[in-house]
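Take a look at this one; I'll ask things after.
Labels run A, B and C following the written order; every chain starts at residue 1.
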Amino acid sequence: MGDVRSMLTTYRHLVGAKIRSDWQYRTSFVRYLLSQTVVTALDLAVILVLSEVVPSLGGWNLSQVAVLYGLTTLSFGLGDLFVSQVETVATHIQLGTFDRFLLRPLPTIVQLPASEFALRRVGRSIPAIITLVVALSMAEIDWTVDRLALVPMTVVAGTIIFGAVWVVTASISFWAVGAREVANSFTYGGGFAHQHPLHVYSRWVRTLLGWILPMAFIAYVPAVHLLEAPNPLGIPSWLALTPPLVAIAAVVVARTVWRAGIRNHQSTGT
Amino acid sequence: MFGYLRAYILIGVAAAGGGEVAGWDEGLMVTFAFITQSLLAGTGAFGEQELAERIRSGDVVVDLYRPVDVQLWWLASWSGRSAYTFGSRGIPPMLLGAVVFDLRVPPDAATWIVFALSVVLASGIGFAIRFAANLVAFWLLDSRGVDQLVTLVLTFFGGLLVPIVLFPPWLEAVARLLPFAAMAQVPAEVFLGLHPGRGALTALATQLAWFVALLALGRVMLGAATRKVVIQGG
Amino acid sequence: MASTDQPAIVADHLEKTFAVRHRAGRLRRHRIEVRAVDGVSFRVDPGEMVGYLGPNGAGKSTTIKMLTGILTPSGGSLATLGLDPTRHRTELAQRIGVVFGQRTQLWWDLPLADSFELLHHVYRTDRRRHEENLGSFVELLDMSSFMLTPVRQLSLGQRMRGELTAALLHDPALVVLDEPTIGLDIVSKLAVREFLVNLNRERGTTVLLTTHDLDDVEHLCQRMMIIDHGRVIHDGGVAEFKSTYGTHRTVVVDLVDAAPPLDVLGTMVTRVDGPRQRLRFDRSTTTAAQVIAGIVEEAAISDLSIEDLVRQVYDAGG
């Protein structure tokens, strides 16, 4: 336990150092923060525009889709803030600067997100939180204690699942440095896809982005239960309680893949 | 990936509207999702900072003293890259889309020709906008913000997220008045055969007008910038 | 903790092969095995200061990367401070210090002092010990005037002093320095050398350094190892090395046309490759100027250069 605490202290100092560094480039910081916020808000604008032309998407009304958008985008935004920096591993390998991380007495998977932390990414979470709060209050939810607890639990588990997906897709760089775009199409694709009900997609998209990369658990599965929304896929309601378990499993898988990647890097040196 | 996701969402929209929304059926929607994905690449939708970099570093002075027109020089280099990216990144999305869906491809050569012209003009408008946005670097130290703003506005009002025909009427009217629709929405509509006969000429004329107007804007800005550089002695 | 008499490094028939893919034609790709390190054996005892030399691509960096746990050996055995470097990478990281001359481990946009403070947290060093070390390094390396300057604004010499401090604040038993003096001005170079000698003498820190600069080795090391084509071709005392190769130089001359071995007073032709000839001479009996004059009398030349000590050893070994 003492080890974890001192690691957290180190993490905090590394993040603090990065924020102080970035703050020297204030205009660019503010610019990125704003553009991240607007990009994320545009996705919401799409949902609003579509709700004007059709009353529902896949049987879900505006406030239901907005809850989905809020949950997905908040988890995506937090995962983006705390974990997505692992994708810089591709750049570090290409520049040869990844060695520096291997030479320090801290797991690389802690060092990278800490050293590359970018506070400006918090911009994604801003429209997400606002939308989530507004949509939850509009969605005519039958609030029970378990439903109340479900929301924060889903956000935490969802953030961890997104983080794990990021680690796995970033690990591809250990084997194929140029594959960053492919990796991004899963992470960013997943973040976009799950803003809309999973059942509007065809089976192969659902399988890939929903279950193999278990991003259905980030928002759709719990939201079906929370909102008592149309459920053409027949998701059982007990499944809504499983995101924390999925999150744990995802972390185990991500850790294994990342370690295998490090080992491969150590033997090929590329 | 994004092409597929948008295609399925738009299918969902069409279905919710009883098979057709704003006169667009499923086939149109799906093809639109992929053709705009293709157009993203060739029209430089992801921003362009090379000229702004040269302005920041001062290298632009060299360009100003070259015996060729600065704007034409950059247009030439843009055209080359644009043609290349359209081939390498514009064609794959359509092919990938065709694997899963029945895409609606122009039935006659005439439409293809109009479409080709429309894409060239769209790329030209893309150039003219980015050229002007880059020139802002002469006055603002940090001109990347302008470039990003252009990208964001283009994404939304160009119809790259949802076709602007799905916008509420007032918003669609606004979008039609901006040059961004001429960069993605219009060529996509041409491809889908929504501007038959005379309509094609109107569409191309509108694009051409934007191209010329924005080039002129760039030229005025360049003139002002050159005077500024000359007065300050580089 | 490892006992003090345990060797700092033991390498036994160490090997590293890389698979290099390169295109052959449009689609076919060849896989070629490259042996970067080919059966290297050596032992470094605690408190030693060893120079590790070799031309670019000889296997120096690969060896260092294996010693520090960045790369896994493909063959042979290796123990650094008694540990298997890749398996115990983070544990080892706590006990070694590494400086890669070309790459910084400091925080680019922050004052130098902030980097040291961060390293205190990364290595979880004792606060008092940290202050003590930092104080003495700042004094020895004369860094007080630029401690609050952002690293990106430091001169190369100032930065290198910062890098050395960063690698040593956690009291490592072994430091590995890759080209620590490359590109430094003479004042910084001398400061760095003096500091390293002092470190080795006062603290008994084991030092392994790679360099292209023979002067570094002469001033710092008792022992030098030379590697070429992945093999150690010389391992011994610096004094012994100099007496073997010290007074000889080689002139490499490219003639306009191939010719029989040149007959120049005081020289001996050691190799002929077409129009290129190598002539060895002894500096104690003749001078380079005399030799060159002699060559010019004998034949028309297109290019000429004098090779230094180390290059001669590479040739002898290769």
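As a working rule, a contact is a pair of C-beta atoms (placed from the backbone, for glycine too) under 8 Å apart; a residue touches a chain by one contact, two chains touch by 3 or more.
A quick note: this is a predicted structure, and the numbers were derived from the prediction, not measured.
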Reaching chain C from chain B through chains that touch each other, fewest steps: 2
Chain whose Cα centroid lies nearest the overall Cα centroid: A
Longest centre-to-centre distance from chain C, chain (CA-based): B
Gap in Å, rounded to a whole number, between the CA centres of chain C and chain B: 54
Chain A and chain B: spacing of chain centres that average the CA atoms, whole Å: 30
Gap in Å, rounded to a whole number, between the CA centres of chain C and chain A: 44
Multi-partner residues of chain A (at least 2 other chains): none
Touching residues (chain side chain A, partner chain B) in the complex: 27-28, 31, 35, 38-39, 42-43, 45-46, 49-50, 52-58, 185-186, 189, 192-193, 196-197, 200-202, 205
Chain C-facing residues of chain A, complex: 6, 9-10, 13-14, 17, 20-21, 24, 96-97, 99-100, 102-107, 263, 266-269
In the complex, chain B residues that touch chain A: 1-2, 4-5, 8-9, 11-13, 16-17, 21-22, 100, 141-142, 144-145, 148-149, 152, 155-156, 161-162, 166-168, 171
Interfacial residue positions of chain C with respect to chain A in the complex: 18-19, 62, 65, 68-72, 74, 86, 89-91, 93-94, 98, 100, 103, 105, 107-110, 114, 117-118, 121-124
